[in-house]
Amino acid sequence: MLQYLVNGLSLGAIYALFSLGLSISWAGLNILNLAHGTVFMVGALTAWLLSEQLPGVPFLLVLVIAMVICGLIGLAMELVVFRQIRRRTSDGNQQTLTTVIATVATSSLLIAIAEQFTGGQPQGLSQDLFVVSGYTVFGIRITNIQIAIIVIAAVLSFAVAWFIKRGRQGQALRALSVDRDMAKLVGVSADRLSALTMFGAGAMAGLAGVLLAVQINAVEAHMGEALLFKAFAIIIIAGVGSIGATVAAAVALALVETFVAAYWVSDLRDVVVFALIILFLLVRPQGISSKGWQRA
Amino acid sequence: MSLLVLDDVKVHYGGVRAVDGVSFSVEPGQLCGMVGPNGSGKTTTINAITRTAKLTSGRITFDGTDIANVPPFKLRRIGLVRTFQGIRLIPDLTVRDNIRLAAEQHGHKRRKSRAGAVTPDAFSEALIERFGLSDVKNERPGALPYGTQRRVEIVRALSTSPKLLLLDEPVAGMNHAERADIANVLKELHAEGLSMLIIEHDLRMLLNLSDHLVVLNFGKLLAEGEPHATASLPDVQRAYLGGSIERD
Amino acid sequence: MIDWLAANAPLLRNISVLALLGYSVQLALRAGVFSFATVGFYAIGGYVTANLLKAGWNWVAVMALVIVVGFVFALVISPVLNRLRHLFLAMATLAFTLFIQSLALSWATFTGGAQGMFGVRRVLPQGAMIAIVVVVVLIVWLTQRGVLGRATSALRHDELLAASLGVNVSRQQTMAFAASSGVGALAGFVQVSTTGVFGPDDISFSTVVTSLTVLVVGGAIIWAGPLVGAILVGTLPLYLVKAGNLSLIIQAVVVLAIVVYQPEGLVGIVKYLFSIIRKPFRKKPRETTAGAPAS
Amino acid sequence: MKQRSSTKAPARRRALGILGLGVATALIVSGCSADPAAPGSSAGAGIKITVLADITGKAAFFGTAIEEASKYTVDELNAKGGINGNQITLTVKDTASSAATASSLMNDAILDNTDAVIFGVLSEEALAIAPLAQDAGIPMINVQAAADGITETGDAIWRITPPQGNFYPKLAEYVSKQLKAKTAAVFYVTDNAPSVTLATEVMPKAFGDVGISITDSVSSSSTETDLTTAVSRLLAGHPDYIQTQAIGAQNIALITQLRRAGFTGGIGGGTSLGANALAALSPDQSNGIVYYSSFVGSDQLPYASGNDFTKAYEAATGKQPTTFNAETYDAFGLIRAAVIASGKVSRADIVSGMAQVASKGGFAGAQGDPITFKDRSADTPGVVIQWEDGKETLAPGQ
């Protein structure tokens, strides 16, 4: 019982790290980034490549490099894709839709590139990258990577929440989410802020990617797709853009999944996720936090 | 019987009282002007009439019908038609198609079979001809001068044969010539007996055009009555101090 | 001609299915409905077809029923979707598609589970398949013109304005969604009745990606878009096979470039070239005085 | 953009559309003419074999193994004077793991003078192209493609990979005798048909027959990234042995997490476990893991034809042959045996020849001596493979 609680908590931490970036870019920039899972995969891929090419590279360095690379991918998407689309289409609906489809195309591109590296085969990480050791406390098994995941997710969630609420850029982002044109009038640089947001969202996805890769010791080009759908559920449950609710929903979903898998039929966990999505769409389409700063 | 009656209309968003107990009416054939400083609740009032803003309380009747019972898309059918503050033309339809779109929705088509009835095409063609849009009818609106786009919007609204036309700042952002142009159109329509409710910043323009003036301030009705007399009331003058009246 | 049709039967079949998927997406998007439910209905159409053909039904009856099933199913779920807008709708419909996928895996008695359905009679004559596509293209073409086409344009660009002009927004969008679903289900029918197999791999996320690709490559709004997109997406891999592992990268780059830099797709490019050729013969358009002067 | 849209007239849509159609037609036409199929040699003077395989795409790893083995086998057969004096012309085409592409290529092969098609590896492609081959009467021999309903298509469709269920009795016996396991748990993925059947039907029976009880059977979808809960459940019953019927990355994740959790018992899996998962793991995690297959590249096999193949293949390519290499070799072997049996090389003769081979007790190949057939699918008992230091070895004591 407690064992499953720990398992669910560490899974929820990964979900939270992953969903936060997706939620913020949606709320702030009105982008449903279907390539978010792929950016996550690039984080894992970077860790694998570094550990293969540079044996003995420090884990922290890998973490930083992966975050920077994924952040840069996010930035590149904003500069090369989203910004160009914004410039070219003035019609709001058209812009939103074109952007969604562009993220799908970006995702295909990143996966195709990743498969060049992996040869289409799953790859295992070098064991030297991060030596995983387990501890047993009161009969509950927990590994150092699980602890790291939970701590990092908690710290980062607070940091992001603080940033959105108190930080100058965070407040500007909230203004941007309400009305892009209005934000421009009051002196918010929409372009710079969008770039910053995409960088941050990418970096967080990359971080989650490295952590999960160490946890499961496997890297594969399609590894982000499943998480993307979990993130959908989390965003629908939490509402767009609310940090606290997103983290809570991530942990709750992970716990529900874990207990379904542990005490019921484990392949029903996806069905339960879908049931939750439908339920929330029916009962509370705006999510649990109605006072979020979303525009939806 | 009044055409449009607002009875103690309130629209509150959370704590914001955008419209807070407004009552007035528009008579058939009247050109009613509505003025007020920014944020006085003019547009929200029109939104309440066309059901794009939700009534917090109060009652709006049009032609004897409580509009709360009419879905927004059916307001056209009972003869209530509006324009919006910004230009809202469909960019990938030509001027002609923008106008036909509205004429068709109004249901001219169904009358086609009846003897002597006009088809939407003929109806919109006639309007295009009459309002001098024949030269540009095959253009996309995006490329047209601002004044022309406004004109297209008004013609499009007219193509639904409205009983009451609601115009939200029809001359905002226009130069002198364009304003005069639109004012002439409005005068002509008024002369034909079309009822209109016009929101405008430009008090002077409404003074010359309208035969009834409604002044809003802070979501409340400040004054109403004969235009010149109303405009010279001290309260109205005070509300407009601070440069809210546009001076060219 | 007959020889050529026979020689390219698999290619034509593939193009037909891709085109129908593309039109299904287009029918919804064109009316401003951000629906990614096409593949879900494709799955429903496919599995229903497989079961009925196995039960010995006549294909014409199956086709009619499949369209109706898609239609009715769409009407049933549309009240939920009507409450959602834009990205939420996109996400909800994507979730619907994924739900159908997991249902396909778990409801083995109807779908064959992970194994899928196989050995279905391949009854659809090639001529009928082409006729189906032609009819769908014609319907789309016709509805992009005239009264319905104008109302649809208005819906896509400005729901509020459309409503104020008297367009019944929710009804028209529901009908667009239903039409989209009917065509999606029809694509499933064509796939099963020409290949005889249908399984979870046919309805994976990559099918969602493919159907969107078909649409944007050809042209998302223009009636000929999905057809042109299907032809390109259907034939390109056969050429790109020579590029080996790089083919996927090349495909992705091409699609991305079109989405970002040529949102009107290939048909848009053709139109543009056409307008350049014709320009000297046309009366000069009036000069633009874009935007409003500051007040 | 703006200027362009301003010059459009509505009446032009039709003309543009027609132009679009014209372009479309041009594309189709060029599409059909772009892949000129060189006319093959007529029967008697040679034999034309087309190999369709996933050289790129998600099963590329297996496809390339098939391609390599095809080239090796054709060189070897032609050097020995071909099949019954007919030199083999080999064409290898990449299906790119797409059923649509595979269909087009199969159609090309049918219209071409191809005498036989060897296909590998994905079931969804095989299901799509087998009916085409059957209708055209062209013999098609499948490598892998384990789904039901492929060989059932008709008399021209064969499979050279024995069903995985065949190997289970041997694995169960090995786990019981050599690993001394009394209890076992199994993990499988619900969205892969063979995994489900093997884990829920075949394995319980085979393990039950040798007296091993199953403590738990844990499933997941193949896309699931989180296996901590599955691992906790598998370990809850303290089994001596854990069998995994997952695919790809999940096998890696599962084995890693089992070992990290301190599980020291035996771990086993299915045919592609070595290439697909163990090769990615470090030796301390992967050594000693067992799995079954129809073949292992060893010269200790209990039949000479297998040892000969291993030695010859290693000599020619410098690489240890894999199961997929061996199966491809045997696919050619089946065609050869069929041609010899019927004496002719036309499509129909090869089809009837294969039936004769099957009814007369099979032929000697890399996977067995003899390789027999049941319902047009190869039928061999298989071997248990043990993974040692990044290589497949024949598990001891078989």
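In this document, chain identifiers A, B, C and D correspond to the written order of the chains, with residue numbering beginning at 1 in each.
The rule is short, and it goes like this: a residue touches a chain if its C-beta (ideal position, glycine included) is under 8 Å from a C-beta of that chain, and two chains touch if they have at least 3 such contacts.
Please read these numbers as outputs of a predicted model, since none were measured by experiment.
Student: Starting at chain C, figure out the least number of steps needed to reach chain D through touching chains.
Tutor: When the steps are counted carefully, the minimum from chain C to chain D is 1.
Student: Based on mean C-alpha positions, which chain is nearest the centroid of every protein C-alpha shown?
Tutor: Going by the distance between chain centres and the overall C-alpha centre, it is C.
Student: Using the touch rule stated at the top, which two chains are linked by the largest number of C-beta contacts?
Tutor: Chains C-D share more contact pairs than any other pair.
Student: Measuring centre to centre with C-alpha atoms, which chain is farthest from chain A?
Tutor: B
Student: Could you work out how far the Cα centre of chain A sits from that of chain D, in whole Å?
Tutor: Once rounded, the distance between the two centres reads 36 Å.
Student: Between chain B and chain C, what distance separates the C-alpha centroids? Give it in angstrom.
Tutor: 40
Student: For chain B and chain D, what's the span in angstrom between their mean Cα positions?
Tutor: The mean C-alpha positions of chain B and chain D differ by 71 Å.
Student: Averaging over Cα atoms per chain, report the distance between chain A and chain B in Å.
Tutor: 47
Student: List, in ascending order, every residue of chain D touching at least 2 other chains.
Tutor: 2-3, 6, 8, 60, 190, 221
Student: Where in chain C do residues touch at least two different other chains?
Tutor: As it turns out, chain C has residues touching two or more other chains at 102, 106, 157, 245, 248, 285, 288, 290.
Student: For chain A, write out the residues touching at least two other chains, lowest number first.
Tutor: Answer for chain A, listing residues that touch two or more other chains: 88, 91, 225, 267, 270.
Student: Where on chain D is chain C touching in the complex?
Tutor: Touch residues, chain D against chain C: 2-4, 6-8, 12-13, 15-17, 19-21, 23-24, 27-28, 31-32, 34-35, 55-56, 60, 93-94, 96, 98-101, 103-104, 106-107, 111, 124, 127-128, 131-132, 147-150, 152-153, 190-193, 195-196, 221.
Student: Which residues of chain A touch chain D once you look at their complex with the stated criterion?
Tutor: 3-4, 7-8, 10-11, 14, 88, 119-124, 126-127, 132, 134, 141, 143, 146, 212, 215-220, 222-223, 225-227, 254, 257-258, 261-262, 265-267, 269-270
Student: Could you please specify the touching residues of chain C with respect to chain A in the complex?
Tutor: 29, 32, 34, 80, 83-88, 90-92, 94-95, 98-99, 102, 106, 156-157, 205, 208-209, 212-213, 215-216, 220, 245-246, 248-249, 251-253, 255-256, 259-261, 263
Student: Once bound in the complex, which stretches of chain C touch chain D?
Tutor: 4, 7-15, 102, 105-106, 113-116, 118-119, 122, 141, 145, 195-197, 199-202, 222-224, 227-228, 231-232, 234-235, 237-239, 241, 244-245, 247-248, 266-267, 270-272, 274-275, 278-279, 282, 285, 288, 290
Student: Please output the residues of chain D touching chain A within their complex, sorted ascending.
Tutor: Chain D residues touching chain A: 1, 57-61, 190, 218-221, 223-230, 232-233, 248-253, 256-257, 260-262, 275-277, 279-282, 284-285.
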